[in-house]
């Protein structure tokens, strides 16, 4: 059964230096507040996993929390590049960042394998591309029935997966609706999981398009209203497109980023 | 886009002698009326596929429509055996029935592979059992990353899959709720598909727990109110448990079955 | 004290094996009766998982099939059949797999496929595997419940539908099976558990009023009896009331 | 006649390539603009599929991201991300994959990963693959839309993120790729199509007012020009109105 904790306690309890950590949420319901709490608690050496690293990953990388990134598309959606990510890859600032790069289909299937207790997944993927040449996590596999060659990718089983959802009940059952992305798989693939939610309610009213993660499949639930801002939470608030635009200028140089970071972590200039 | 046809036209159009045909529905929403129409149209030599062949498959087998059955559990749920199935397996009556036997996990994954355009699926399954010794559709496969041995099963891609659903709209978009079983996978794995529905409505109201099969993924929709009886259709009618009980006596001997069959097909005694 | 049948004793004993807060993958029939009895009694936080995709079902009566509407209506979540097997069963998340059997052998292997030595020409064709092979493989442990007779309790099953302990201790580990396999067999006569050294099913408890000879006579192999043979407590009034209410509601 | 920009011409030309009743896997940015313009105009029954899991989205404005709330709210079905790739894209159900590119080479190979010869020390780190490699592999055909310059249209991409025609005709078949690959490239200057014999991208149509020399100069390889070079019809009033309404609604 999931425990109900504050975000601070939850991150302190679940996320350790050197962990493999996945924060998922496909444009919708990105667990930004949890990412900020990881920065505040100054975790280091993390292997960060995420299909679509966007500004909260740019922040985690710029803050020096990560030593490796496993991903399939890194950008500021609708705006442009992630400058902290680029700076880390191109200039090792503030620390070197190793990367392991996949396609969305590959990443999604790696989570599926992880959630399914399988060591690998099979897909029609990567054929003819240069991706396989730069990672040892894409290998060929032959169908034992047809002889056809396909791609195999290893399961992702993060130490901790963190997602944001609309609601949980007091027993820790979690309800998510709208675009649910790969969140169920990320939670089920992980050794430990944290779900931040907009609110904790007495009862989860059934809703069209909603999925429920039963309490016994989740480690910790933390109530964090607005925890997905500046991304959005269907039924609660809209995406703050201006914040995504504004991040471009902040992330663009080390100085303005450091000012932002000091403000987040409460360091006086 | 799905075409809207009568059940009779739909079966005439889609189901051919010798086809591999899957009727799915896990206790709930079993497409019984469509099965009866296949009997009426006297199809023969079918390879019938179904995770849980129950009384409608007993009827199809007793009527001589099938030459092979691919399945994982054949019984009259809550009642006992399928006597026509047993008679076909043990005494080749009315025609011999070849069987290809799997577990539920294997069958479900075979549909998943079929729906995914993959030639096979991987699972932790069958280990230590005698199932693999009696079929060539279970083979070992080795994880290219860990060296672990797992089971591979080939994709199921029926010529026709038939399912029953609660509703479709006039464009042929299909809505299913309650226990949805393996119906989505069965439809997506098939070359052609038929969905019988309780009713055709102007608009599909979103409903908790409902899935939608878009019209362009379905070949034919036929309005068949009560088309799942004696199984049930959540929101429409309950399971007719008495009919399942009554089938035991009818199916038990060839004579009473033949009377039932003559009645269904309109043959005078 | 209220009278009770040996079937009622069996269901009550099976129910007691399920601890509160556990998750249980429930086969239909006797296992479902026991699991629902437990949930309505001493284990209100028992999570019932049915292979139809119902996670956390809370039926008010005994389901007649694995896919009764009430299972879906009362579940915490209803997922597809592939999902219940792949995401929920396969990774070993579930504490107990609760199974029935047509034949069970002395190492807890289960047969629900064919009776007779020839698969192609069986004496009796049974329903087949269903979810059982992977339930038996992947749950942390497996409980089996069935009525005891020399027909059902055999030296060696005609067909291994679901793997128990194979030919003895160590076979599961050699095959890489993650779960502990059958740790408890509940019958209308008593309880059996695998011997810690050999994994052979051994009589560890008798139901009240049952004699050892009776159990030995109803077993198709030379049944071993534990040195410290216990006796199952008789069903309590409360247990019988709940069981009978459940049965009545389902009639 | 209404004035229009070369970007507007590009979007209109790209939109026209989508037939009514088709299904289209839509990349964000220019492809999404074109696909939405088509659906609001000549192809009302165009099915838009976004990798966020939205099948049959009908947005009233141009989405800013692949996962805008309006895409889900207006979709026929919203499925998980694994499902959209495995059940919907991978089996080859989708008619057209509509992609953008940072670099495109003369055989329609796409780079969105790194600029520069050294992957480990790139000149510019780009966002990466996203859904594109499998979109390019599995859709029945692929359309690419991007602005034309010697920076974007190169002899050979620095990194093959998404496979087009490889090193020429026959490469896709040799690799067992099911779809036809890039059959159309739409730019702000004209249209290119793979030569039927060699699969080399060849200029087949100029947008109104554009000269061949201009296109050749904006291309990083020695661009071939079709013998029967056509001219794209200018955007109609209706096309421009819909496009501008969409843009305005999204501002």
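Chains: A, B, C and D, in written order; residue numbering restarts at 1 for each.
Keep this in mind: a residue touches a chain if its C-beta (ideal position, glycine included) is under 8 Å from a C-beta of that chain, and two chains touch if they have at least 3 such contacts.
Chain-to-protein mapping (UniProt): A, B, C, D = 3-oxoadipate--succinyl-CoA transferase.
Note that this is a predicted model, so its numbers are computed, not measured.
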Sort out for me whether A-C or A-D is joined by the greater number of C-beta contact pairs. A-D
Chain A and chain D, separation of their C-alpha mean positions in angstrom: 28
How many Å are there between the centre of chain A and the centre of chain C, using C-alpha atoms for each centre? 40
Chain C and chain D, separation of their C-alpha mean positions in angstrom: 57
Residue numbers in chain B touching two or more further chains are 112, 117-118, 123-124, 148, 184-185, 209
Per-residue overlap in chain D, given as positions that touch at least 2 other chains: 86, 90, 138
Chain pairs that touch, all of them, please. A-B, A-C, A-D, B-C, B-D
Tell me, which parts of chain D touch chain A in their complex? 28, 51-54, 64-69, 71-73, 78, 80-82, 85-86, 89-90, 113, 119, 121-122, 124-134, 137-138, 159-163, 166, 171-172, 175-178
Which stretch or stretches of chain A touch chain C in the complex? 1, 112, 115-118, 173, 184-185, 188, 211-217
For the complex, give me every residue of chain B touching chain C. 26-28, 51-52, 71-75, 77-78, 81-82, 85-86, 89-90, 101-105, 108-109, 111-112, 123-131, 134, 148-149, 178-182, 184-185, 209, 232, 234, 238-239, 241
Where on chain D is chain B touching in the complex? 21, 23, 45, 47, 55-56, 76-77, 86-87, 90-93, 138
Chain B residues touching chain A in their complex are 117-124, 137, 139-141, 143-146, 148, 150, 152, 154, 206-210
